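Quick notes on the structure that follows.
Chain nomenclature is as follows: A, B, C and D, assigned in order of appearance, with residue numbering initiated at 1 for each chain independently.
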Amino acid sequence: MTATLDTDTTLPLAGALNRALADALEEDERVLIFGEDVGTLGGVFRVTDGLAARFGDARVFDTPLAESGIVGTAIGMAMNGLRPVVEMQFDAFAYPAFEQITSHLAKLRNRTKGNVELPVVIRVPYGGGIGGVEHHCDSSEVYYTHTAGLRVVTPATPDDAYALLRDAIDSPDPVIFLEPKRRYWEKGTVDLQRRSPGLDKAVVRREGSDVTLISYGGALGTTLEAAEAAEEDGYHAEVIDLRSLAPFDLETVSASVRRTGRAVVVHEASRFCGYGAEVAAQLSESCFHYLEAPVLRVGGLDIPYPAPNLEQHHLPSVDRILDAIERLQWDDAAPLDGEK
Amino acid sequence: MTATLDTDTTLPLAGALNRALADALEEDERVLIFGEDVGTLGGVFRVTDGLAARFGDARVFDTPLAESGIVGTAIGMAMNGLRPVVEMQFDAFAYPAFEQITSHLAKLRNRTKGNVELPVVIRVPYGGGIGGVEHHCDSSEVYYTHTAGLRVVTPATPDDAYALLRDAIDSPDPVIFLEPKRRYWEKGTVDLQRRSPGLDKAVVRREGSDVTLISYGGALGTTLEAAEAAEEDGYHAEVIDLRSLAPFDLETVSASVRRTGRAVVVHEASRFCGYGAEVAAQLSESCFHYLEAPVLRVGGLDIPYPAPNLEQHHLPSVDRILDAIERLQWDDAAPLDGEK
Amino acid sequence: MTTTERTAASYFLPSDEPLGLVAPDGTPVPDPALSMPADDVLLRLYRGMVSGRRFDTQATALTKQGRLAVYPSARGQEAGEIGAILALRPQDWLFPTYRDSMAVVARGVDPVEVLTLLRGDWHCGYDPYRANVAPQCTPLATNTLHAVGFAHAARTKGEDTVALVLLGDGATSEGDTHEALNFAAVWKAPVVFLVQNNGYAISVPLEKQTAAPSLAHKGVGYGMPSVLVDGNDAAAVHAVVEQAVARATAGEGPTLIEALTYRIESHTNADDATRYRDRDEVEQWLTRDPVSRLKQYLTDRGLLDDQVQQEIDARAEEEAASLRERMNVDTELDPADLFKHVYAEPTAALKQQAAELAAETTQDQA
Amino acid sequence: MTTTERTAASYFLPSDEPLGLVAPDGTPVPDPALSMPADDVLLRLYRGMVSGRRFDTQATALTKQGRLAVYPSARGQEAGEIGAILALRPQDWLFPTYRDSMAVVARGVDPVEVLTLLRGDWHCGYDPYRANVAPQCTPLATNTLHAVGFAHAARTKGEDTVALVLLGDGATSEGDTHEALNFAAVWKAPVVFLVQNNGYAISVPLEKQTAAPSLAHKGVGYGMPSVLVDGNDAAAVHAVVEQAVARATAGEGPTLIEALTYRIESHTNADDATRYRDRDEVEQWLTRDPVSRLKQYLTDRGLLDDQVQQEIDARAEEEAASLRERMNVDTELDPADLFKHVYAEPTAALKQQAAELAAETTQDQA
């Protein structure tokens, strides 16, 4: 009850999400949570642990096993003034809801010239790195970011998990909230006052002058590690955590790249038509005369997500990021004229 | 019966598709066609016109109204040695099948180390420009191109419609076959001998030396028009028709861009995380020292597909393509050193 | 068994023959399960059907004049469209499809606003909260889930609102219909599912759509009471929907209704039904016409005479004239609207695109 | 009506009480609708269940030793898993889920190959065409459609093949199940749907999954004959599946079977069922154990004595030992395989990525 009076607390990322849900339920009676196993069990990752007991099963409850049903009814509830926060149990199990997400959730506001507002949050544990079998490890962000009308965000730290989820629930727009499941158990300080930069801002997680590393979600931790390792090789890498994938905070990112002249985008999803393509395309355009080398992308391989014992070959590693940094034409290219 | 003895014939794009289906049904008894309204009616665009009457309703038939059902049963049929060619009535009506496409059609070969082969073709009339209401005009290519295991192709001419569809049906891989519905009625000469460059090759549709315009599907015609118009402004534009979106024929495209030093990608889909992003990202990397200007993208706006009477503002127009060409820094940039 | 005690299956099953109150020739057929609506309701049903049919003809005419891009006619389905709507209370909600413009108009939405979609000016031309009508839904069966969610939310909030969702025979094959029926039954949501079985999904006849004894037989598989009704009998449709609304309001949960009817016209004006069905079949159904059937009954009952009929016709004619007139006015569309409603606030990228488009437009005009 | 003549609904409805042949205490319960399998079949069912349970225990043990990443136990469901498999003919096909490793093994697939998925070495470790077993399916209900398509193709080709698809109570809520039941019924495809209703979908109990009198009551809504059977009675499951296979083979189309059973263990070893269900409930179901029930029956009939039991146990033990041993051998995985099967031929991009990965690996080893 006095939850929101605290300021700082240390929590794992999953715990921060749990706290965000609890605080939202507490503060706004229109918020409700439903999905598969989110009630009594508290979710397969325990993100909703204890919420049904605390808030009752009218506000936190299990549904029949049907993802289109979950999203479709969430849309109806939002039309009727509620603020549903629903869970898709794993990334690939959101696909049955694709039509409801794409053709309705994303479009109803526009369809009705703003008369119908859909403040729905779809939580999707996503990505690999936890030894999950197939269909449990997809990085599905582009399916959503390419769909106008959706906001797509993904936290990389417990603090952001709390802030972004609170902001997502408060947002009048539908939000696809991607939770990097490999980071669920990582702990960090959480600011319960939500002095967050807001739902659509990227943040610089590490300052540097030689190269800008751009990442998000599960890959951010690896990117930060790579930045530390690069320091030993003499490269001062700046690291940006995008947080919001749609919209994309070009301003923050291009300001950095214009300073450093070099950029690498890092994500887990397959590279082909992956999110990195958009980042690279926008930076190549907006920073053309500042770039000393092409924007490189370190992504997953262009293959279906591998079985657990092979996933390490798929996922971006510190070595691959370092290798990309090495390939940024440090010697051969005379600096471009700084025109423009 | 003697259909395949002809060599050339003039057909509209939809007619070329019809002919390709007929010839495939004729030559390979494993081929079968099903979907909504493809039997008796011959499809809402008449692409399957006459086929049920000619080949019987065991091979060409209407299904219950359920897209996941259509793709899911096609998968089962392909596992049992048939070669289904199914129709999704319109782009947005393929979304209910998204899970079957993404989690099974794309992955079963890989899942079984090649033991299970799925030669399924999913025909999807896609894109706008015909005054269709919402859900009938989506350019959904990126949802598929980002999914490893799928081939994604799209013809822009009647000749290619025939060749690509025959090649798609013959392919051992699942193919998403995107049909630019605004071009269904455009006529052209069709080579029934299929001297086609193959399922995964781009072709140069117009030669030029100043700038490479890259497009596909419904937007190719507009791009060619723009190239003609640009000629009047003194720009010799090369135009490439990608044909295959997955895989992407980087070789053909980058050879052109290395010659011209400038590139514009044109497509109908929303620009954000659209297919053009991948093209721009790959070209920016592979042609970095050849590019006199950033690769520009002319795409649809980042909005849900508009109502018919507003669609002209969304679709790439000749003017927008010309404008992009103008913005390719013809004056200010001193040519970059040709170093590699 | 792991399950809680279950209601006997027979409770959920529909009758073998469709319920009805007025035979095709206008004679009353008493049914113990249904009571005939009051006279004033019957007259309102009749008025509504006459106006609805006139609206429908007018809309079809507008396609020929190029004023509408496309129009899916509901001719022949007036009893379902109007019977259902008049059984709703003001606070109830309607979740219609593309086929149900007539129902939306009957619910009180300005017909010009209704036709905005088919005219091609915008996706939904009316404010759903004004007459409690969701946007007409094109992706089949998806609206069933919206109705269930909406109804469940009402119950959660303690509001007495029933959601009526319309769908076709074809739409029952979609996975979403299944999920909606199931969620509704498990949640005991105040929803009424009205399947207008008009025999075709575009060109695909019912026998390729289902092998079931009736579509209403799906109800028992969800634990939902199901009703099979003559969909060309406005009195009967009204009565069964009213019963279902009452059940929902009483907290007894959802009802599945299958109304047997027929699509007299082609799927839309762009379709050619002669490619897939015989004229005989159409003729056959014309003898079961919902409008003349009720007319006969009302006339026999002395509730309708020439004068009332003339009044009714005149009003329908007036409405059609007003619609025609207003649809003939060219609309001015503002491309800036394209960017305004994608998000609550346009993103930086959208603002830029809006500015670029504005510049283009200015240029074009210069 | 627009429909062709329809079969009476009662033909499709299941019995109110589950069919059974052997009571929980091992006594026979004659059922006019079913005939008791022959003695040798009963003995094979028993053997299969003993082996199946031993396999299951072994697999669970392997998770504790870190040799399997995860394992969803089918303990308690042996009658469904084995009863169904032994009713199939060699040419028939099985479409199993993640829960059905036991059934896949019973069908003749090498258990080490079966466990490749759960060991984390590859997605499917066996060649589906060797024992006619589709890959174990994780996305719920999606396999129902594959089975229908497969069966329909067999019929098209004039082959006498029946497809048996396994699914859980939870999976019946997915849209795909609905579409599969409908396609199968409309096409009269030779498919048998066996719903193993084990009371839970992970933590969600049946009463949150459905409000229907039984899951088998869904059949009538598709025009599909439906059977409710005691899922812990191997003889009964075998008999009903055999009947359904015979119907399919005779061109009479699909059957929906609901087998009432119980998941004795947690959802997987990673789950903790005490969070959502009482030990009492489990105890209750242990008294209905499928293995000891058939043992009692066979013993009473004089078909099973200590010696036969010892043989059966010894064989199960041997199989488990062999599995354990072979699972303890470290596998060598080749990362190059990652690129080989995405397409029939690797694309240029995949070749390049394969080369890069190979270079990395060489570097690492240097």
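Here is the rule we use: a residue touches a chain if its C-beta (ideal position, glycine included) is under 8 Å from a C-beta of that chain, and two chains touch if they have at least 3 such contacts.
Predicted model only: the values in this text are computed from it and were never measured.
Enquirer: Based on CA centres, what chain would you say lies at the far end from chain A?
Expert: C
Enquirer: If you tally contacting C-beta pairs, which pair wins, A-D or A-C?
Expert: So, comparing the two chain pairs, more contacts are at A-C.
Enquirer: Calculate how many whole Å lie between the centre of chain B and the centre of chain C, each centre taken as the average of the chain's C-alpha atoms.
Expert: So the centroids are 37 Å from each other.
Enquirer: Rounded to a whole Å, what is the gap between the Cα centroids of chain A and chain B?
Expert: Roughly 30 Å, centre to centre.
Enquirer: Centre to centre, by mean C-alpha position, how many angstrom separate chain A and chain C?
Expert: 40
Enquirer: Residue numbers in chain A touching 2 or more other chains?
Expert: 63-64, 66, 68-69, 92, 95-96, 99, 103, 107, 110-111, 134-135, 148-149, 248, 272, 302-304
Enquirer: Which residue numbers or ranges of chain D touch two or more of the other chains?
Expert: Within chain D, the residues that touch at least two other chains are 122-123, 139, 173-176, 179, 182, 186, 208-210, 337, 342, 347, 349.
Enquirer: Mind listing the chain A positions that touch chain C in their complex?
Expert: Touching chain C: residues 32, 58, 63-64, 66, 68-69, 71-82, 84, 96, 99-100, 103-104, 107-117, 148-149, 151, 171-173, 200, 247-248, 250-251 of chain A.
Enquirer: Which chain D residues qualify as touching chain A in the complex?
Expert: 69-70, 117-123, 138-140, 170-171, 173-176, 201-204, 208-210, 271, 275-276, 331, 333, 335, 337-339, 342, 347, 349-350, 353, 357, 360
Enquirer: Please name which positions on chain C make contact with chain D in the complex.
Expert: Where chain C meets chain D, its residues are 1-4, 6-9, 12-13, 16, 173-179, 182, 185-186, 188, 197, 199, 205-215, 217-224, 260, 262, 281.
Enquirer: Where on chain D does chain B make contact in their complex?
Expert: For chain D paired with chain B, touching residues are 122-124, 127-129, 134-135, 139, 142, 144-154, 156-157, 161, 163, 175-176, 179-180, 182-183, 186, 337, 340-344, 347-349.
Enquirer: Provide the residue numbers of chain A that touch chain D in the complex, in ascending order.
Expert: Residues 36-37, 39-42, 44, 62-66, 68-69, 92-93, 95-96, 131, 133-136, 272, 301-304, 306-310, 313-314, 319-320.
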